[in-house]
Each structure stands twice: as structure tokens, then as C-alpha cells.
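Two complexes, one shared chain (subunit A), two partners (subunit B, subunit C).
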Partner chain A sequence: MSYKSKPWLSLLAFSAPALLFYAIFLVYPTIGGFYYSLTDWNGLYKDYKFVGISNYIQALTSDPQFIHSLLYTLKYVVVIVILQNAIALCLALLIESRTKSKTLFRTLIFMPNMVSIYISTLMWAFIFSRVAPKLAEYTLLSFLDQGWVSTPNMAFLSTVIVTVWQGAGYLMIIYIAALQGVPKDLKEAATIDGASTFRRFYHIILPLVMPAITICVFLTLNSSFKIFEVVYALTGGGPGYSTEVIALNVYQEGFARDRQFGYATAKAMILFFMIIIITFVQVTVFKKKEVEA
Partner chain B sequence: MKKTLKLMAVSTLVPALIAGCSSGSGNSSGSKNDGEQGSVRKVKLSIMLPLAGRFKDQFDGYLKQFAAKELAEKNIEVSYNLELPSDENLLPTRLASGDAPDIYSFNFATKGADFVKGGYAADLSNEPFVAKLTDSMREASKIDGKIYGVPMESFSWSYLYNKDIFEANNVTPPQTLSELKALAEKLKGNNVTPFVLAYKDSFVAGWPFFLSMQSIVNTKLPTWWDDMTTDKASFKDLKDNGLFDVVDVINANGNSNALELSAEDGIADFANGKAAMFVTGPWYSDSILKVNPNFNLGLGALPINDDPQSTKVVIAITTTLTAYPDGPNKDVALDFLNYILDDQDSSAFFESLKFNKVATNQTIKSFPWDEDAQNIVDAGQGFLGLTLPVAADQDKDKLAQAYYAKSISQDQYVDSVNKTWKKSVGAGK
Partner chain C sequence: MKSNRLLTIVVLAILIAVTVFFMFPIVLAVFNSFKTQGEMFKSVLSLPTKIHWENYKHVLTEIHLMNNLYNTTVITVISVVGIISCGSLAGYKISRTPGKLSQLLFFLFFSSMLVPFYAIMFSLIKVAKTFHVQSSVYGLPMIYIGLGVNFAVFLYHGFVKSIPRELEESAHMDGCGQLKTFTHIIFPLLLPITVTIAILNVLWIWNDFMLPLIMLTKYESYTLILAASVFFGQYSTEWSYILSILVLTSLPVVVLYLFFQRFIVQGIAEGAVKG
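Presenting the complex of A and B:
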């Protein structure tokens, strides 16, 4: 029997270990999760009932808290996707424009990404509660002394600051790689033709780093929809429920409150489908804008 | 084809190998060769005490004592695997997946009924230890008239105060709300912050509400709790009886930036004398003394209105140990539970854990703040706190933050908690 006639067999064999892990640790739990989302299991008792899609209906029609967290998460996603990518791209451009000390700045800005997000959030919580008021006291920066997580708006701002600080460095590395891939001759040709810095960026560089933008927007969309640690460690969803993002809402529903595990899983499934649809649309749209040099 | 088969076999064996490597258990049972003492029975107990990492050494020591006793008296060689996860959710997961530990602990005040309802706690009503419990403890640790665990940790609590600050400002614990207000004014006049407010953790924000509601229900609305289940009462009844009075006094007389400070921050501030009072229980006494070993800690009853009869401490049973009803080593597990209240060894064990006395056969040196609490209880001003439905409990805490931040009104607070409570009770069946 020749291997050429059935290439899929050896392909399958070589990817079998990965596939196996993927199936055990991802596919199977996902299917299990979907099944539990159709039940009223509380995560503890041995018996539970099959309740069809009533969990989904309840989440979307009669759970104002969930709808609030859905809208709040959307707001957060929009702000994070724009801010994080814009800042990362600017940083990448700045660093690429330097001749010396490139590596130093690259390392410094990437550094926050190497600390676990939970730890860095705890560090920020300390900065907000202890350092900022003291700084305000000893310097003239009086705006620093305020309730950073005391009001819904300030809490939102604080989570955005921490997320951007933590994530921008990672995206920056991707953008730097993309910028280095832009052919020099194109840039030079544009300069000779008299293009301004802005036009050079807009018409030459931007289209050529579009693949990187596709990836980065995809990554930020994906991660900001699933944001949990920052909110959990910084505000715990508070004050009240004002900063409760979907993932935290799901967690609370399943592991605290009334331990409605089935119901929480249904909410998680809704989040899952939402992310799939939105990222699918995003990738398709962005792909169309990509060009090759 | 053979090659493919081999590949497949390898790919399935590799995970098996990896899994096999990791399953070496932490605690070797020290197996001896057969031949001596013919019929030594070997038992390995698995014990899970969630959120009890700070008790590891004490339990390790006591389990070793127990193993020696069991070997001497019953010829059973006991080894054990003690797990103290910092995540509460590991235990329910283990129970639900059929991988139950032989012995585990739960928080009686908040989670007790859950485990009993799920059928995960053995009925221990006829065990010898039950007779040793003090009468009040025995009554307090019943669920539907039966005992499902050994109550180990219990607290009488209301608020903690800094005795040195009280002395320096020449004030004593207030008996009425008016006295509390006057005390707060006096302290503020002397440039002392009356209350530590550390509301970043919502449960801290909920404590003043908890004390206020428990005392109102205990003194004025004895059937309220049951009436909530039958929908005859409403959370608004509490508001009408002054639920918010003491909360407003506390919130108005504390530090600013309360929502930035976690419970740990609050403990540190209180221990360093930045404020005179902290609405919390003596479960933080250890942490406070760790920050400031010379701290002079006192415990008082929080007045909630101008009737001194309502100024009470709440009694709560927390850490409770129970056995899994269908465990293979249930008899040994029960031996251990009984050994917890052993006539000889129990007192030293409880003292090392800094737990209060729960049984008549214990003599335990108590701490000054526990004596404060005991005096209040002895004066008839202590009562067992009732358990809120978990969702309502959390709602109460979360909205306490929002109420402090002034983003919701009293009516919104009452409406929301009422709704959550009713839904919870309905959902609980």
C-alpha cells in the first residue's frame, strides 16, 4: 500500500497526539458544557433535570443583570480594541523610527506582558489605592487622588488602563515585525515622489501591515470579550454590579449566588457564539483589505 | 498499514505515560512488609479542608496523634492525604464527580444546608461526640433537627475596637445608636477616624447590613425569616424597622476611599491605629495581631437603634467537619470526628487552632476579645445568626457597595435584595 494514495492517513497519524489532547481537553468539555446548558444542574447535586433551551431564554429575556454585563462588555471591547491597537501601532512606529536603543524600549514596553495578568492587576490595585493618593499629596498632580474604583466610570477607566498597559506590548511586537516586513524600496520611492510622512504611512505602510492588524484586532477582540482577571482583581465587579463583565457574571452565577451551574453554562455558550460570529465577520472583512507588496 | 498502527499506538500511549508519571501520591503510606502483627488493617483517609491553609500544621499534628491512637487501640494503620485548597469550588466539584474525600469541612453558616441537601454529609446525630457538645452549640449546629458535622470554629461577633484608642479618648462601647453617634463625634473632634471602611471586598460592605438585619429580625420580627419563604414578608419590613440607621452612621463616620481598600488593607489600617473601630469579627484577630503584636483588641456589640436590648452580638458557626456518607473508610473517618472532641487531646488542639470552646469537656484559655464577647452573650445579648440564601447574601453585599457609593437609593436596595431572596427561595424548592 502506498502512502501517496492516502496522504490523510499519515497526516492524521502525525497530528494524532495533538488531536487527542485537543479532543479530550477542549472538544469533549465543550460538548459537555453544551449539554449542561440544557439542564438545571447546580454543580453539586447528583440529580438534575433536562430543561431544554429555557436557560437561554431566561438569560436573554429576564435577566437584566446579564444584559447589563453584555452591554458593558461590548463597551469595554470597543474601547480596548481601538485603544490597544492604536497605542501598540504608535509605539511600534516610534520604536522603529529610532536607530539606537530599539531593543531597550522594545523590552521595557513588552515587560508588563511577562507578568501574570492577575499579579499585575493586584499591583495596580495597590497603585490606585495607596500610591496615587500619596503621589497627589507630595506632588501637584491632585487629579491622582480620587476614587479609582469607587464610581462606575472611574472603575471602567481603571480596568481599561490596566488592560492596555498589560496588552499593548504584545501587540507592539507583532506590529514591529510587520513594519520590518515593509519593503524599503516602496518607502523610498514614495519619499522621492514627494509623499508626506502621513501619506507615506496611510498609503504605503498601513496597507502593508494590514495582515498584522487583522491578527491583532482578532486577538484583542477575542481576549477582551473573555476579560475576567482584571475585573475580578481590581473591582470584583463593583461597586455594586456596575463593572460585572460577562465572564464574571457567568462565574458568579455558577460558583456563587444560587450555584445555577446549568444556567451559567448557557450564558457561557451565548458568549461563545457571540465571539465566534463577531470574530468571523471581523476576519472576513479585514482579509479583504489586505494587499501584497 | 503496520506503521500507521504503530503510530496510533504510540500516540495513545504517550498521554497514558504522562498521566502515569503524575499520579505518584504525595503522602506515602509507609507500607511495611507483611509478616508482623498478622492483621494490621491499612486505611488511607483523604481529607479536604477548603480555605483552611492556615490550619495545616495543627491538623497534621492532630492526625498523627490520631493515627498513633488508632494503631494502638484498633490495630488500624492510618495514613492520610490532607488537602487544604484555597479554592472553595474544588470540593463541590470533587463531590459531584464521585471523587469525594472521606472527611471534609464546610462553612456551616453559609454552605451547610447545601451539602446536606445534596446528600453529601453523613447523619452524625448518634455519634458519641454529640453528647459532649455544649447545649447551645448542639442546638445551633442542627439542620432539620439532625447533626451533620462536628462544629469546630464558632464566633460571637459584631465589631472590633481599639481599646487603647478608646481609653485615650475616654470613651466606652456605646449601648445605643445615639451614644454611637456621640462617640463618633467625640472621636472626630479628637482627630480620630471612628470606623475603618474597607469596602473593596463586597462582603465587608455587607457586614453592617448583616448585623442590622439580624438584630432587627431577632428582636422585632421573629417570624420574618420563615415568612420570606412563604412570601408573607418583604425586605421592606426591615427598612421600616430602621435597617439603614446604623449603616448610615457607620458610612458617614469612616475613612474616605473605602471602595479602594480590600479587607487586608482594612485590617492593616485598623491594626496600625488609623481608626478606632472595624465592623468585623474576631476571625481577623490573628491577622490584626500579626500586623501589630501589641494591639489591644476589644469586641463590642453594635447598637442598631436606641433600644439597648437590640445591641447584640451574632453567634456564627463556621468550620464544621463531616464525613462522606458512602466512603469506604467511613468507620475510621467517624473515629477521627469523635477524636476531635476527645477528652484528653481536644483542648490542646482547639487552643492551638485558637478556636473557642464548643464542648463541655474542653478547657480552653480564651482571648480577651472572646471574653468580651462571652460577657455580652452571658448577659443574654447573643443570638444565633440566621443563614441568608446565598444569592440574596451576595446581593446584599454588592448593593451595600453601591449604596455606599450613593449610586442606588434605599428603596432600590430593598427591592433588589427582596427580589433575589424570593427568587432564591423559590429556586431552592
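Presenting the complex of A and C:
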């Protein structure tokens, strides 16, 4: 049986180990997830029955806490996507304008991204609870002395700070790579023609880094919809459930409240559909911009 | 020219301020992990007056952090070795074989990219129980391979295209079997992408919180991050101990980063372009 005659056989043989793990621990649980979201499966009991889409209906019509987490997550996503990308792109532009110190700045600003998001959040919990009050003793910084997680607005701000701090470096790396792809002579030609810095950015650089913006916005949409660790470690969803994001709501539903695995999975599926629809629209719209540019 | 210099100074000032913002939580965590509780209370912002190793000694011996370090290392190493072996085999062959079947396999590996972990986690617990890989340091890597192999297949698939086919053909002429051709000729050539894949996966698995959180139920099998979370939950004010745990947990990845920065940066940039 030579490989010329049966290429599909060796293809399957080489792919088998990967396929096996992938099928058991990802494909099967995904299909299982779809199925369980249509049942009243409860983690405590073995038996469960098919209930159709009633979990979805319940989540969207008679679960105010879930609706709240949905809207709160949307607010969080909008703020994070805009802030994180704006900051990362600005940093990339600033760093690319340097010559010798380029690597040093990139290395240091990217470093928080190497630390686990959960560990990062605990470091910030330390900063908020121990360091900020000390800093506030200097009169100029007195605004730092407040309960960073004790009101809904402050808790929101704290989670945004930690997320941006942890994630901006990653996007910055992608933007720097994109900026390095902008041909030098194009920039020089624009300068000779007398284009101002702003016009040069808007008309030359921005269109050429548009593909990177599409990717980075996609990545931030995808990750910020799934945010869990920062909220779990910093606010626990509180005060009350004001900062409870969808992932935390799903986790609590499954592990802390009534172990309603079927219902919790249905909520996670709603999150999944939202991510699919929103990222699809985003990529389509942004790709059009790329073509025009 | 004058305005140009002013601009340079402004840019530099902004960059320094931003760098301070990005570094100070890490720097303060390291400084304060060497202080006693009392010294930290008095002067949280200053350098430690004397290096106290007591916090580290305490967490390594009293709460058995050594064991958590061992668990995290075992889980990470087995998972990464598994992801690389399975991923390179599949990615290579899918890339080299034309036809509908390989397209289907490629599509199958990528159809799950956007599925949020939360949507599969409850049924994953059930599957893990069935296969007896739940709550064990040696079982968890099986799940990581399942969750992480598709990205490795993807990266290998792209990289293999840059390797000339003549090498395999001549090896085949010499009577070298397919598996041997792969292990002796192809795999060494894949080294650059293998390093990138290894590092990205080490970072992911070492730093992962969610999967250990829902899978590992016994303290003996906890990872470093889970141990940190348990300790934080019980003694949320004992910051000198907590910080030393945080520093210990992060140290290996930060060292890895400083050594392999080029590969990490390249891996992210390439992964993004291809994704």
C-alpha cells in the first residue's frame, strides 16, 4: 500500500491523534452543549428531559439578572473595544517614531500581557486597596482615595483599568507590525508634498493599517464578550450584581446557585450567538472599508 | 526644526509616563513581596529596607506551593508536547495532501474557533468524568490538547507550505517511510514555528485559570493560580504572602518572555495576520 495510491489513508493516519483529542474534548462537548441547552439538566441529578427552547425564552424574558448582565457586558465591550484599540494604536505610533528606545518601550509595555489575567487582577487589587490610599496622601492625587470597588461606577472603572492594562500590549504588537509594513517612501512622499502629521496619518497610514484594525477590533470584541477573571477576582460581580458580566452569570448559575447546567448552557449559547452575529457584522463592515481605502 | 525637537520631547515624556503606568503594579508587587506585613503598612511605596525572604519561605513550605508549582509544570509540559506532536503531524499532512478530504479536515479544525468556553464547560465536565481525566494532573493535559490542537494545526499548515517538496520526494525515493520522513526530515525544518507554538501554548496553559477552576477539585492537584485564588479567598489581607505567591507564579513566564521575546512578538503578529 504505497502512499501514492492511498493518500487519504496516510492523511487520516497523520491526523488521527489530533482529531481524536479534538473530537472528544471540543467537538463533542460543543454538540453536547447545544443539546443540553435544550434540556432541564441539573448538575445534581442524573436524569434530565428535553424542554425545547424554554431555557432560552426564560433567560431572555424572565431573568432580570441575566438581562442586566447582558446589557452590562455590552457596555463593557463598547468601552473596552474603543479604549483598548485607541490606546494600542497610539502607543504603536509613538513607539514606531522612536529609533533606539523602540525595543525597550515595547518590551516593558507588553510585559503585563505575559502575566496571567487572574494574577494581574490580584496585583491591581493590591494597588487599589493598599497603594492608592497611600498615593492619595499627596494632595494632587487625593482623588485616588476611594472605594475602588464599592460603587457600581467605580467597580466598572476598576475592571476597565485592569483589562486595558493587561490587553493593550497585545494589540500594540499587532499594530506595530502593521505600521512596519507601511512603505517608507510613501510617508516621505507625503511629507515632501507638505502633508501635515495629521493628514499623513489619516490619508496614508490609517488606510494601510486598516486590516490590522479589523483584526484587533475582532480580537477585542471576542475577548471582552467573554470577560470573566477580572470581574470574578476584583468585584465578584458586586456590589449586588451590578458588575456581573454574562460569563460570571453563567458560572454562578452553574456552580454557585442551583447547578442548573442546562439553563446555564443556554445562556452561554446566547453569548455565543451574540459573538457570532456581532463579529460577523463587524468583519463585513470593516472589510468594506479596507477595499475602499 | 525647533518644533520637531519639542515634539520628540513630548513623545518621550508620554512614553515614559505610559511605561510607568504599565510597570508600576508589577514593580510594587515585587518590592512589597520582600517586606514584612508591618513594613508594608508603613511604607508601601518605598524600596524594601532589607530583603526578607520569609514570605517566600512561608508560602513554599507552609502552604506547599512547591507542590502547586510541580502540578503546573507537569500540566504545561505534557500539554505542550502533546499539542506539538499531534498538531505538527496533522498540519503537515493536511497541508501536503490535495483534495476534498483535507479541505474538510481543515475546515473541521477551524469551525470551533469562536465557541466560548462557557458554552461547552458543563458538557466538558461530563465528558472529562467519563474519560477519567477530571481532577487529575495527568488528565488535564488531555483536555488542553483537545482545546489547543486546532490552532497548532493551523500554524503548522501555513508554515509547511514554505518547505520545498523535493526533500520528501527524494527521501521517499531512498526508501524512507512516511513517518520516518516526517520525524527525521520535516520536523527539524519546522523548528521556528514549533518554538512559536510552544511558547504561545506555555503562556496560555501556565496562565489559565478557568479550566483548572472547574476541573480540579482536590487541593493536591491545584495549579499555582488556583492556589493563589484559594489563599486570596481565605486571607485577603495578608498581602505580603499573597504578593510573594503572585511573583512566584509570574516569574517563569516573565523570564520566558525576556528570553524568547522575539518569537512571542513574531508569533502574535503572524497569528493575527493569518487569523
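FYI, the second predicted complex is superposed on the first by the 265 of 293 C-alpha atoms of A that agree within 3 Å, B and C clash if a C-alpha of one lies under 4 Å from a C-alpha of the other, contacts with A are read in each partner's own complex, and residues count from 1 in each chain.
What we mean here is this: contacts are C-beta pairs under 8 Å (C-beta built on N, C-alpha and C of every residue); 3 or more make two chains touch, one makes a residue touch a chain.
Since the structure is predicted, the reported quantities are computational estimates derived from the model, not experimental observations.
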item	value
Which superposed partner A:219 touches (first subunit B, second subunit C, both, neither)	second
First, second, both or neither for A:74, with subunit B first and subunit C second	neither
Contacts of A:51 with subunit B and subunit C, given as first, second, both or neither	neither
Touched partner set for A:255, first subunit B, second subunit C, both or neither	both
First (subunit B), second (subunit C), both or neither touched by A:190	neither
Which superposed partner A:30 touches (first subunit B, second subunit C, both, neither)	second
Touching partner for A:124 - first (subunit B), second (subunit C), both, neither	second
Touched partner set for A:95, first subunit B, second subunit C, both or neither	second
Superposition-derived comparison: subunit B or subunit C, residues of subunit A touched	C
Touching partner for A:182 - first (subunit B), second (subunit C), both, neither	neither
Intersection of the subunit A residues that touch subunit B with those that touch subunit C	10, 14, 17, 21, 24, 43, 125, 130, 255
Residues of subunit A that touch subunit B when the two form their complex	1, 9-10, 13-14, 16-17, 20-21, 24, 43-46, 125, 128-130, 133, 147-152, 235-242, 252, 255-260
Of subunit A, residues touching subunit C in the complex	3, 7-8, 10-12, 14-15, 17-19, 21-30, 32-33, 35-36, 41, 43, 91, 94-95, 97-98, 101, 105-112, 114-120, 122-127, 130-131, 134-135, 165, 169-170, 173-174, 176-177, 212, 215-216, 219, 222, 225-226, 228-229, 233, 246-247, 250-251, 254-255, 261-262, 264-265, 268-269, 271-272, 275-276, 279
For the subunit C and subunit A complex, residues of the former touching the latter	11-12, 14-15, 18-19, 21-26, 28-29, 32, 40, 44-45, 82, 85-87, 89-90, 92-94, 97, 99, 101-102, 105, 108-109, 112, 114-124, 126-128, 131, 142-143, 145-147, 149-150, 153, 172, 178, 182, 203, 206-210, 214, 225, 228-229, 232, 239, 242-243, 246, 249-250, 253-254, 256-258, 261, 264-265, 268-269, 272-273, 275
Subunit A contact footprint on subunit B (complex, rising order)	1, 4, 7-8, 11-12, 14-15, 88-89, 92-93, 95-96, 114-115, 117-120, 200-202, 257-262, 265, 389-391, 394, 398-399, 401-402, 404-405, 407-408, 423-424, 427-428
